[in-house]
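First chain A sits with chain B, and in the next complex the same chain sits with chain C.
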Partner chain A sequence: MSPIGHELRLLLRARLAAGALVLLALLTAASIVAGLAEVRHQQQVIERIQPQQAADVAAISQWVSKIEDPGSAAYYTFHPTWDSPSSLAFAALGMRDVAPYILRVRALGLEAQLYDGENFNPELALPGRFDFAFVLIYLAPLFVIALFHDLHASEREAGRLTMLRALPRSRRLWWRRGLLRFAFVYFAVALPFAVGAIVSGTGLPTILAVLTLIAAYLVFWVALALLVGRMSWSSVTNAAALAACWLVLTLVLPTLAHVAINRAIPLGQGVELTLAQREAVNKAWDIPRETTMARFFASHPEWRDTPPLPPEFHWKWYFAFHQVGDESVADRVRAYRDGLQARDAAARALGWALPPVGAQAALTRLANTDLAGQLAYQDRVRAYHERLRQFYYRYLFNDIPFGAPDFEKAPKFGSIVPSK
Partner chain B sequence: MSAVRLIARDELRLMRRNRVAVIAFALLVLLTLIAAMTSWTHQQGVADLRARFQSEADRAFDAQPDRHPHRVVHYGHFIFRPLGPLAAFDPGVDAFTGNSMFLEGHRQNTANFGDVRQSSQLIRFGQLTPAFVLQILAPLLLIFLGYGALARERERGTLRQLLAQGVSGRQLFAGKAVALGLVAILIGLPAMIGFALIAGQPGALAGPMAVIALGYAAWLLLWTLVVVLVSASVARSRDALLALLAIWAVAVILLPRIAPDIAGQAHPLTTRLETDIAIQRDLRQLGDSHNADDPFFAAFKQKILDQYGVARVEDLPVNYKGLLAIEGEKLTSRLFDRYAANSFATQSRQSTVMNGFGLLSPTIALRHLSMAAAGTDLAGHRRFLDQAEAYRFDIVQRLNRLQAEAVSYADDTAKDPGADRRKRVADSHWDRIPDFAFRPASATALVGAALPGLAIVIGWLFAAIAAAWFVSGRLQRNSK
Partner chain C sequence: MNPAAPLLEMSNITVAYGAHRVLDGISLGVGAGEIYALLGGNGAGKSTTLSALLGFIQPTAGDVRVGGIDPARDPDAARRQIAYLPESVALYEHLSARENTAYLLALADQAQQDEAIAEAFGATGLQADAWDKRLAGFSKGMRQKVAIAVALLRHVPVLLLDEPTSGLDPRATADFNRLVEQVRDRGAAVLMVTHDLLSAADIADRIGFLEHGRIVDEVTASGPDRFDVRALHHKFGAAPADAIAA
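Then we have the complex of A and B:
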């Protein structure tokens, strides 16, 4: 029998080891199934809102097209936006359970709409999701500890260590044994992931990146286990020391770092931004309309040469002060966003020292479910909202009647931005 | 009885000599103190910040110039969820729910700007609070200190010696359990000191605090017994350690993550976007406010005209537009209430499924009892949302009534250049709109909400005591 075959038999005969590997594979598979189910659910939601949204617009079109008033159309019509999950989102759901992935906006002030939340049960979100990232980051290291803590110590405790060391090429034995165990752990995690990724249609480069990440993360824990194993402690002391390392690296230090980061990088609360925007918007009713229009034309000169405001209410003034309200808080928006990114960057930097944090950051980045993914979605909503405004302004400022066919002409989210 | 004491004293002496154990214990105590400090200052900071925002928002509302009441309906009001003193011990879902809300007419907005969306991803690794330390970390320390309690004796053959000397299995078990139980009490003590600090604050309620203290005491004793039980049941101390780590990983880390996934899949929530669309659809079915001949609104108009005995809305002693606004708000608000009740019913069903897992993992039951007693669970959030909606409805209707009574119909429909001035009412009215005051839950309600979780944790404790009785009785036979 080949040496590898022999080791394989030894490993599989150890009930603890074999049971642990089967359990790890099952847990990984379960997390993949749960992740795929959640992503499919999110896709279904995105699909099923489209006809509902169309019916909503049709109902508005029915009465607005009678008066052909572009202001009412712009005021009452909501336009859907959505953030489809990436093909890797099933593996790391990241922020997708607490941040909305569908949002409808209208041509009014965006800053009062962009930060709206989604209906979700906070008690379910609190413990975190059972996704692949969780299995890899929290559970897999525990299995590595179970399988590696007594690599040397078990032989010593069985009284065979000296004999084994005396054997020629004994170093190879350890390599063989270690590699075999590593390979088993690796495949227990990587195979279910690879199957899930293929089902989900993940691109090959991304799959390879995750497979490498899995290997790197597991190598870290194996290396730690072997390092502790060299201390010539008893197997039980090894296990305790490794479990303590796990505790400190995955639970204690990240929570401490969270407190430290939020203290070190104070963030002007997002609510200050919306309060300021609301003051700016509502102030328009109490100042001369010309002041608002002057500010609006300063940043949007293309509408300057349009008919002047009539003495009575006109929607174009209404939308102009919403636009001016948004623009008046642009600095705060930038500062808020910078603060969010600074906190995120600090956590990422910490990932180099804390592999669990690093692995989480890398996985959610690859899956586009992290803060950057959220902000990218907000950017797309912003760009879309700008197109909506331009679309309605053309009717408002030129007093073009807005009929039923015009509802169809409104820009659609996700379609290609027309070149200006 | 003295045999138990001797064994316990011996075990404690052994733990004291174990340097690693002492360091681990000291670190955990230190961590609890840090957690209590940071959590307390965080809670104070957040409470102050929200109070400051709230008074700024109240001031801004009162300082509005002369305005048309309907403008004020759209100017709306911002309210902030205050954070109770017990949130310093267990902030529960606070970071996951928005804590500010914009209230306006015809719309029900979400609570926005929760910490979870304003912090780095680290928040998903858990938050360092006394509750976190006691729920997650303390059991692990008990495992490290106690896994060898009996397994070690058996491994070395001293178990048989002890039993041969006339110590009964139950005495031996009790001695080990008492020693580890004392450690458990010491572990819980720093958190309780933090708790005592909170108790000094205004608004801290004695009943819920007693339930929390009782729940965590039962929790730590449960783990004490589980550790000694496993140690008594396996042959080698290494097996005891691995088995206990596995139990901990499943009960404390794994099941609390799987349970919400299953609950969420079993009872999916309707998204906010769909709810908004459904409310608009229902409103249109009630009546089309944009259509002058709509039967619903025509009937309403007729009812008002009959009530005042006039033939035209222009002849009404009150402003018809204000009355219409009152009626419209009533309709939308009724729908908001209905859809919100549906959503909360689904969420409670989800929570019920999840809390059912407490039967499998007492961690879930403990977490639920802790949040419920602290008033930081889903019910606490709902309390805020319900009061927010009631307040929103109240101020919007006050403003609509103001429009009906203080703005004449002729002015309200006028379009001449001076009309804007005549439509406005004096700014002295804004002062008279009451400020939002959150009414926290009563002590009885909090205790009542925490009881199911407490019952499960104590049930587990009794089961562990029964198992301990059984296993320790057989220790004699399984001593080798």
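Then we have the complex of A and C:
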């Protein structure tokens, strides 16, 4: 039997070590199954939109087509948008559980619709998600600590260390033993992930990137465990020191850094933009219509040479003040977005110093479930909403009747499938 | 290597930590087919002597050679010449005697067939029904037999023993001594550091008395009685209280 075979037997005979590895593999597998189930659920919800949308449009069309009123069509018709999960989203759900992945928008003011979800979604964030990222970032280090904290110390405490050191090339023993344990921890995490990724249809480059990330992250914890092991403390002291490191690196420092970043980059909540936009819209009822239209035409001259407002209510004034309402908060929206990105950039920079933060950021980036992914979805919604406005404005500003066939002509949201 | 030179050789070895000299100019040599017992009390420098021979520490001064090799410069080469038995032979409890032996041999890059291991077990007197049992229930004597079997299988020219008879009953001590004689008779140089004057007198060809890092006397076995144990006890019994166990 080869030396590595002997080490393998030794490891597998140690019940605690073998049990820990089995538990890690089971937890990883469970997280993969949970992640795949969540992503499948989100996909099913997205798939259900189309038939429901058709039913909604049919109901609205039934009575709008009788009056052929484009304003009613624009006001009452919701248009679905969705953010399809990437093939890696199962591994790192990231912001997908707190930020909306489906948004039904109307041609009205957009800003109020974009941040509506923030009123309730934070509640979902409280328990957190049990996904692969959670297992890798928070749980796997504990197993590394369990397997590596007494690599030397257990031999010393059992009285074998001197005898082992007295053997020729005894240093290779630690390499073999360390590499074997690392390999087992790695495969306990990486194999279930690889299976989940194949089931999910993740592309090979992404799989390889995640496998590399897993290895790098585990190497960090192994190196830390070996460093502490070199102190020649007792195995209990090693374990306590490493547990303290785990607590500080995964929980305490990231939390403190989060607070520090939030203080350094003060930022309101998205829902404040909703309120600001709604206030602007509500005030419009008290402003002379001509003033609103003048502001609207100033930024949208292409609709200036259209029939003037009649004395009675007209939808084009209503939609114009919604758009003016959006534009009135544009600077705040930009500042909010810049602030979010600045915080995100600071957190990512912190990731170079705090591997748990860095690994999580890298994983959610690869899975497109981070802030950048969320903002990209918002950008797609904004672009789509602009197309909706242009579509309805043509009818509204030119007083073109809106019949049943026109519903079919409305732009459709095309979800951009993230790259694999 | 000069065949006439001792397999183990220490010349004027000093090991000092600051002003404290743990070994103070020790010189000794152990040739092939010889058992040298180094007797001394706690703190006399016995373990430091072994550490220097194993290359764990670099002497402050002097020269150490194991089979002609300086263990501080090339510890791996020196350790290939050495089998070392610690005071408490701790092996892997959840492996059998055979598995422990195979494992230690593999670590030393000297893997052996099962038949050879069985033969070595037979030579040490380890009962056959214990060969495939896990070590959890083994006595110290049985563990030492396993460790001696490893030494035999490694065919090393040097055997270092650290307090080998401590904690053994007289019968087990006698059995162990016969085993060490077997190793010696195969041509090995054996250095045994011990408190146990009786055991040393039983098997050693020479006995060195270590006190405060110095060999204060050295006696060689002679005549049918080999050593005058009573005289040795009287002579060195006045040394620090625990220096020599009667």
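Methods note: the second predicted complex is superposed on the first by the 403 of 420 C-alpha atoms of A that agree within 3 Å, B and C clash if a C-alpha of one lies under 4 Å from a C-alpha of the other, contacts with A are read in each partner's own complex, and residues count from 1 in each chain.
The working rule: a contact is a pair of C-beta atoms (placed from the backbone, for glycine too) under 8 Å apart; a residue touches a chain by one contact, two chains touch by 3 or more.
What you see is a predicted model; the values in this text were computed from it and never measured.
J.: Check whether A:V144 is in contact with chain B, with chain C, with both or with neither, and answer first, second, both or neither.
T.: Touch status of A:V144: no partner.
J.: Quick one: classify A:A14 as touching chain B (first), chain C (second), both or neither.
T.: In the superposed model, A:A14 contacts chain C only, not chain B.
J.: Comparing chain C with chain B, which touches more residues belonging to chain A?
T.: B
J.: Using the superposition on chain A described above, determine whether A:A257 touches chain B (first), chain C (second), both, or neither.
T.: first
J.: Under the stated touch criterion, which partner chain does A:A225 make contact with: chain B (first), chain C (second), both, or neither?
T.: In the superposed model, A:A225 contacts neither chain B nor chain C.
J.: So in the superposed three-chain picture, is A:A359 touching just chain B, just chain C, both, or none of them (first/second/both/neither)?
T.: After superposition on chain A, A:A359 lies in contact with neither partner.
J.: Touch test for A:L103: chain B only (first), chain C only (second), both, or neither?
T.: After superposition on chain A, A:L103 lies in contact with chain B alone.
J.: For chain B, which residues count as touching chain A in their complex?
T.: 20, 24, 31, 34, 38, 42, 49, 53, 56-57, 60, 65, 67, 71, 74-76, 78, 80, 92-93, 96-98, 100, 102, 109-114, 116-128, 132, 136-137, 140, 144, 147-148, 237-238, 241-242, 245, 249, 253-254, 256-261, 263-265, 268-277, 280-281, 284, 288, 290-291, 343, 347, 350-351, 354, 367, 371, 377-378, 381, 415-417
J.: Any idea which chain C residues touch chain A in the complex?
T.: Counting only chain C, the residues touching chain A are 54, 56, 76-77, 79-80, 82, 84-86, 88-92, 94-95, 99, 102-104, 106-109, 111, 147, 160.
J.: Mind listing the chain A positions that touch chain C in their complex?
T.: So the residues of chain A touching chain C come out as 1-3, 6, 9-10, 13-14, 158-160, 162-170, 173.
J.: Can you name the residues of chain A that touch chain B in the complex?
T.: Listed in rising order, the residues of chain A that touch chain B are 16, 27, 30, 34, 37-38, 41, 45, 48-49, 52-53, 55-56, 59, 63, 78, 80, 94-95, 98-100, 102-104, 112, 115-130, 134, 138-139, 142, 146, 150, 234-237, 239-241, 243-244, 247, 250-252, 254-259, 261-262, 267, 269-272, 274-275, 278-279, 282, 285-286, 311-313, 340, 343-344, 346-347, 350, 356-357, 360-361, 364, 370-371, 374.
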